[in-house]
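For reference, the structures are reproduced in the following blocks.
In the two assemblies presented below, subunit A is common to both, partnered first by subunit B and then by subunit C.
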Partner chain A sequence: MNLNLIIIITTAVALVAYLVSKVNDKAGAAMTVVGSLFALIAVFLLRDSIGTEITLLYFNFNLTVTGWYFALVMLMAYSMTAFFNPFWMKKLIYPAGYNFLYLLSMAGTLGVFFAKDFITLFVFWETVVWSSAFIIQMGKSRQAAYVYYVISAIGSMATLFAIMFAYGTTGTFVINDAFGGLAAYPGRAIVIFVTFIAAGMAKIGIFPFHVWLPFAHGSAPHTFSPVLSGGLVKMGAFVALLSVTAFPAYKIFGGMASFRGIPLPIYFMMALGAISIVVGTLMAIKQEDAKKLLAYSSVANGGYILIGLLMLDQVGFAGGLMHIVNHAVASAAAFLSIAAVAYRTGTTKMSEMGGMIHRMPITYVVYLIAIISMAGIPPMGGFVSKWLIFQGLADKGLLFIAATAFFGSIGSFLYVFRPLSAVFLGQTFTRDLNKKEVGVFMLFPMVVLTLLSLLTGIFPNIFLRVVTEIQTSLGVLPVTLAENTIVTNNGFLDAFKVFIVFGFGFAIAFVLFIARRKSRRVELMDTYTSAEFIHTRELLHYSHSFYAPFERLYEKAPDTMKLYHKAAVKISEIGNFAEAIFFGIKPARTVLLVMGTVLIGIIAGGVLS
Partner chain B sequence: MNAMNFIYAFLMLVFVFIFQTSLTGFNRKVTARLQKRYGARWYQQFLDIFKAMRKDSTTHGWVFDFGVIMALGGIMATVIFIPVAGFRAFPGTDNVFVISYLLAVGMLGMAMSAAGSGNPWASIGVGRALTNMLAYDIPLMIVIFTMIFAFDSASVGELAKMQQGMGILGWNAFRMPLGGIVAVIALMGMLGKKPFDSFIAPAEIASGPMVEYGGKHLGFMFILHEFMTFIEVSLIINLFFGGGATIWEYMLKYAVLYTFTNIVSGVMPRFKIDQAVKYFYRVPLAMAIIQGIVVIFTGLGVTIWF
Partner chain C sequence: MMFNPVLLIAIPLGLAFIAVIFKKIQKWILALGIIVNAVLVFFVEKGETAIGGFKIPFGISLVLDDFSAAGVILINILALAAIVIAFKKAEKFAPVILAGLAGMNGMILTGDLFNLFVFMEITAISAYILSSEGRKPAQSFNYLVIGSVGSVFYLLGLILLYNQTGTLNMVLMTEKTGFLEQTVLLLPVLLIFVGIAVEAKLLPMAGWVRGVLGNSNSYTGVMFASVYSSAALFVFGRIFSQVLVPGTTVGIVIITIALVTFAAGQASAFRSKSLRQVLLYSSIAQSGLAAALFATGFVFPAVLVVVNNAIGKLIMFSAAGSLEEKYGTDDYIGLGGAFNKNTLTGIAFTIAALSLTGLPLLFGFYAKLNVLAAYLNQGTFFVPAVVLLGTIVEGAYFIKILIKLWAPGKEGEWADADQSVGDKRIFSYTGTIAVILAAVLVVLSGLLPDTAGKLIAPEGGLLGDDGPAISLLIQKGGDQ
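So, the complex of A and B:
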């Protein structure tokens, strides 16, 4: 099977799913499962044909190992989330449209990752943006889709400009040639670099483009948020990757002023990534909605990915690439578990539920493993990639970026713990006492993702071998791998050994625990309450503004969205001003004035020259 | 990795428990003398732990139990990774990031269990503890980052060894004096000593994470606290005070530093949690960054003493 067939078949399945959904929406949703699983397996089997090129109509594809790696991550998010689709059909206004766009956007991502030239890249990119924008507006708010589309459009237009400018300079649309030929024009190269990476930054949600994530992730249908955060955001990472590899940024900017070996244009982008880490972390800490919280955590993690990718070295770059997988898996699992809870309780507001662990224990474990990975705690995958990024930063001595990376890392303990404590732990609300665990069909993808998180954490080298292939194919020195060990300049990490020792410690604690007398089970309400008599479960649950003392420290910080609103008001004021001048009471006078000014300018210019 | 490693690891756990618990007992005496009391006997801490372990306990569901086990398991695993005077139960696993993040597993377990008790007081305590962690860890991590950059190694054992054989001025606490001060202040925060003890809130009757614990659960928490203290003090001893060429030297330095933190704690008032954050993000953070800039851009501190 070749790539053309995969894209054609998934698009065809999308159309069929649309028609089937008109008759029976659940059957149509089942087709999204089939279609995405098919694509996942088919793309996985493409491994042997890596290095070949193929053409479909006007579109040229190049099967690189990088594209293959990204495509697998994306399809993993799509196919696992698809299992939830059949259960959400009743809640959607346009189930047929949802199923169609779900598969269409998936087919679009394949085109992006394997694109050989810019036209292919751009067409498929826009396919994804448009179809996902239409899915997002099926959720809680239409405004979310506007924000998403506007930010995406800013990125897309910037990229289109970069593409055309690069074409104008080098005369070709083939990605590697068009960018490779820019070395002779460093001045233009800066403009192209900044505008091209803009689309990627907008998609990853790097500051100041991060505003769309909480809107879109928070309001999209619960079944699409995992795809957005686990999958689509990684398309931005792909563009960021292109802008340092296909666009040989280090070579072109090599002669420029640099900071600790990083040319300033690249360092500036890394600094934006660092700001995203801080902003994402601080905002995530104070969210009251679980999905918005996870969306801001995606902003922070996008910062790590960007920093890792832009380092383009042996260690940090590998960390960035691996973090793409780890974050996709963890974030998809976390969003799915929140979706499962929302499926039962009907809300994602953290203050409206509690103690779900007693009703949905498996979902709880899924969320727990996901956040352990997301926060970068061993023995899960997130630790390995963050470890690599830290090692890369320490190698180069990038002190300020490292400081924000540490802040984001410790800060993530704070925010990931909030849904854990507010949604799953604490008192079960009276309303939720009769709720049950979700069905097997929904548990399956969550458990698979959980096992993947564990696998990336215990045997990271399985994934890092592909990463080394990518590094070799891009001409970067690959990260050194021994049997179970990752070796860097500053030391090595044996993730398997860490896991075994953790298991050893856990076993001792477990034996010690069961060796002592069995404890008596008491009701959750049977707690120490400082001599108050509280009989309402809801009142004995602490979840609202969990970190109030800490939040108070930065409550006056400016809100980016408000700044944008202010800017919008200012722009419309300027427009009104212009309108008042030109279309005021006596427009003729204004026209005369302007013409007079221009005339005087021309004469003056003529005299002076 | 063979059976001997596991036996060593187990023996190390036993040693650490006995050593640290005795030291805690001794420090209870020191604190008492500061407050003009006679104080309990040095082995009182052992009696307290064994008493708690023998008593009946109540549980609030499986996560309450599981969290306690996960906490102690994670913390014990971290202890096994700590190099003590050149001894490592599992050679080559003492990466500083592994240690500081594996420590987080234990803390997460503790937080999970406390929040799982259903008591809002416990959740408040957890919230404060995590905030406190965000405060002290950033300055400390910046100093450690600087050290990794300076000496090209992230292995705690290696970093300790590099400081040995040059006398007292070879210690990183003197090569990077600002970093050394930051480390000791951060250690006070890590140990929950005054002025950074508001998350444990020992003076309030019940608003800490421990509010629902009794019996063997409480015993577990006591043991866990001893191990955690060992990890935290050991990190600072190894990274900033040259570790120890022999076990005796190590134990001596350890006892002096730990007792020092206790004496400081004995005469300090307490910060509210937001005051602690403000404090850490003003003084120690600034010192850490200055230290980092000095080391990374001038090389001063890496080579100055020889």
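So, the complex of A and C:
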């Protein structure tokens, strides 16, 4: 099995899924499971062919260990989420189209990660963008698809400019050669660096491109949000990675002004990552919708990934790479568990739910473990990768960025537990009393992802060994790994021991929980406060304006979306102006304009010559 | 067997007169003429053909090189597609359409500048008549006036040139103007530019477009946006890339006008709410881009832009006109979910829109890459930046339309087929097949871009330019 076959077969399965869905949409959706699992296994087996190259039509692929690693993460998100597809067909306006685009976008991501030249990279990149935009529109918001596409287009067009500029400078599209040859042109290199990384930043959701995430993640079909957040944003991470590795940014900008060893252009991008952490965290705290909340948390986590990758060092870079897996696993699991809840309750608004732990206990555990990992608490994977990133930042003494990273970590405690308490804890709504846990087919991917979260947290070295391979292949000093410990300049981490300690604490708590007298269950409204009975349910709900005093501190913060609105209004104004001037229906005026053009042309010609 | 290219002009012109006489069967004469031309166009003899027994350069000659071959093939096939899609709308204009087709073939083929004027007039008159179908007399009148002023300007410029060079033959004109000073050429070249710009839809000479295309139907929309405008752009290319290559000064003036047209077109399309208006402004923008490329001498990329725009607008304008006929509005806000029951038409429309935006796997991507590479190889960064900014705006308004037409539904609720405007069929079966074939062509040529490029420019270049600025057939190992 080679890469060409995998891409061709998945595309073919996509077409078949389309036709099958026309007859039976559930069968078509089942084909997305088959197709994505096939791709996952087939790409996993490509491990032996790493280092080979292959050509399909005008596309050239290069199997690198980096691409392999990213592709596996992506296919993991796609294949696990696919298990949910059959259950959501009824909600979709175009079930056949959905199944087709689902697999097509997946095939597209493979091309991105294994691209040898820019044309291949760009072609597959854009294929993913438009196919996912057409999926998003089927969800709860048309505007979401619009915003997603436009922000992506801003990034893509900047990147296309960079690609063509690099081609114009070095005369080749091969990624390594085109970027490698830029060392002789530092002035152009800086333009290319900034424009090239733009598509990646837009995709990860780095400030000021982060506006699309809450729209798209929040409103996409519930079965696509996990792919968007767990998978597709990682494509952006891949481009960010290219812009410091294939594009030898540290070498080219080495002679420039730098801050603590980081050249300013790179530092500037890292600072944007840091801003994203802050913005993502603060905005997530505000959200009332669980999916929007998780979307903003993706913004913050994208910041961590970007910072980690841009450090390109022994420790922080490894952290960034590892965080890609951890965030993909955790956020896919979190989005899937919210989707499972929505499957039963029909809503994702936190204030309309409660006490689902009694009805959906497994989903609760899945969500719990996912957010523990997201918040970077041991013993889950998120802790290990954040620890590595912190180590890297501390090593370099990047104080400002480290501060925001810590802020984001603490802030994440504030928001990730809100859906937990609002959706799963507290009193069950009467409406939901008869709801059941979702079926085995949907539980399976959630449980697998949860186990993966634990695995990355307890035995991180399984994954970090691949990371060291990537580092070696990119010429970076690999992170030091001992038996089951990670060694850095400032200390070491034995994740298994951490797990034992936490496991011990958990066991004690569990024994106490069992031994303790059962608490009396009361109705939600069976209470009073300030000597008054309360009749409004929402006021007793955990999530209702939970952080109101804190939110007031930054309620006047400027909204980035306004910036884009303003730009749109400006373009419309130019359009209005052009229309008013040029498109009147009075012939006399047009004739005057024509004469004027000749006159101005003559004058301009005279002046110029 | 190869035929004389003059047949491409003579057959439709002759049939036009016959159609006037035999009014009863004129629609069959129309079909016959268009089909014969669409077949014949593949079997005409290349090279220069003298007309009327005069030796070149004393008489009129027709020039069929790769450039004009691409032009006539495009025009005749598009004309066929247009009547296949909306035969009912076309049949009563049989003589007009046939005469117009003769005029357009003549415009592209002729090797004589005055003969070009005559053919342009024939084409323009047929266009004036077709524009009357919109039932907005003021708009047609406006078009008539601007068109006539343009013709006068062209003629004036030509007289000045004739006075200086003593020839009307294009080849001789190129030679002789080479000896003239730029300052002498400034006025005539500008006058000719203005004359052609009216039909080529460059601002501010394109004021008529909104009134005419904004009220077009499923047939006339295609004719104006794809057929007439492609023919005009091919003439633009012939004149400004070969015959009267603008010097630096005139070049700057023309390219500035073309780029302003591009930017203004995109911005106006962005603010428009009516489907046909968006499309017509987008056509103006594409014309601006093609004109800028022609004026810089990048003939091959320009032809790609023209072809891409022509095929895209064929699908989109016919669909827009048809939607207006079926639902009484082409305000896309009010047409939510119109593709819901017209999946095939919707897919063709989507492919056309994405190709116009230059998205990969489609022909438009190849066109866009060639445009960018041509400028960047030359060391110009400003134009690619403008083009890419325009592309963002273009993508924004097209995706807005696509989302609207595909996915109806209130914000905050799942897209829902019940919210659709209706389930009326947009095209008849033949129409659907025609647009699907066009869309398949866009996809195929996008997957095999170098083959498509070879078909357009078999010799590798057009009018002496470098041909493809970029080859996507990157050899194994990634080298060009």
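In the analysis below, the second predicted complex is superposed on the first by the 534 of 609 C-alpha atoms of A that agree within 3 Å, B and C clash if a C-alpha of one lies under 4 Å from a C-alpha of the other, contacts with A are read in each partner's own complex, and residues count from 1 in each chain.
We take it that contacts are C-beta pairs under 8 Å (C-beta built on N, C-alpha and C of every residue); 3 or more make two chains touch, one makes a residue touch a chain.
Remember, it's a predicted structure, so these values are computed and weren't measured experimentally.
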- Query: Should A:134 be classified as contacting the first partner (subunit B), the second (subunit C), both, or neither?
  - Reply: second
- Query: Of the partners subunit B and subunit C, which touch A:123 in the superposed model: first, second, both, neither?
  - Reply: second
- Who does A:502 touch here: subunit B (first), subunit C (second), both, or neither? first
- May I ask you to decide whether A:604 touches subunit B, subunit C, both, or neither, giving the answer as first, second, both or neither? second
- Counting only touches as set out at the top, which of subunit B and subunit C does A:425 meet: first, second, both, neither? first
- Task: In the overlay, answer first, second, both or neither for which of subunit B and subunit C A:434 touches.
- Result: neither
- On subunit A, the residue positions that both subunit B and subunit C contact, one per complex: none
- Query: Along subunit C, where are the residues that touch subunit A in the complex?
  - Reply: 138-139, 141-142, 145-146, 149-150, 153, 182-183, 186-187, 190-191, 193-194, 198, 203-211, 248-250, 252-253, 257, 263-265, 267-272, 281, 340, 354, 359-361, 365, 369, 372-373, 376-377, 379, 381, 384-385, 388-389, 391-393, 395-396, 399-400, 402-404, 406-409, 411-417, 447-450, 472-474, 476-480
- Task: Under the touch definition given earlier, write down the residues of subunit A that touch subunit C in their complex.
- Result: 53, 55, 57-58, 60, 91-94, 116-117, 119, 122-124, 126-127, 130, 133-134, 137-143, 145-146, 149-150, 153-154, 157-158, 160-161, 164-165, 167-168, 171-174, 177, 221, 568, 571-572, 574-576, 578-579, 581-587, 589-591, 593-594, 596-598, 601-602, 604-606, 608-609
- Spell out the part of subunit A that touches subunit B in their complex, as residue ranges. 260, 355, 357-358, 361, 364, 368, 372, 375-378, 383, 387, 390-391, 393-395, 397, 399, 402-403, 406-407, 410-411, 413-414, 417, 420-421, 425-427, 489-494, 497-498, 500-502, 504-510, 512-513, 516-517, 519-522, 524-530, 540-543, 546-547, 549-550, 552-553
- Touching residues (chain side subunit B, partner subunit A) in the complex: 1, 6, 9-10, 13, 53, 56-63, 65, 68-81, 90, 92-93, 95, 97-98, 101-102, 104-105, 107-108, 111-112, 115-121, 123-124, 126-128, 130-131, 133-134, 137-138, 141-142, 145-146, 148-149, 152-155, 158, 205-206, 211-212, 215-217, 219-220, 272-274, 277-278, 289, 292-293, 296
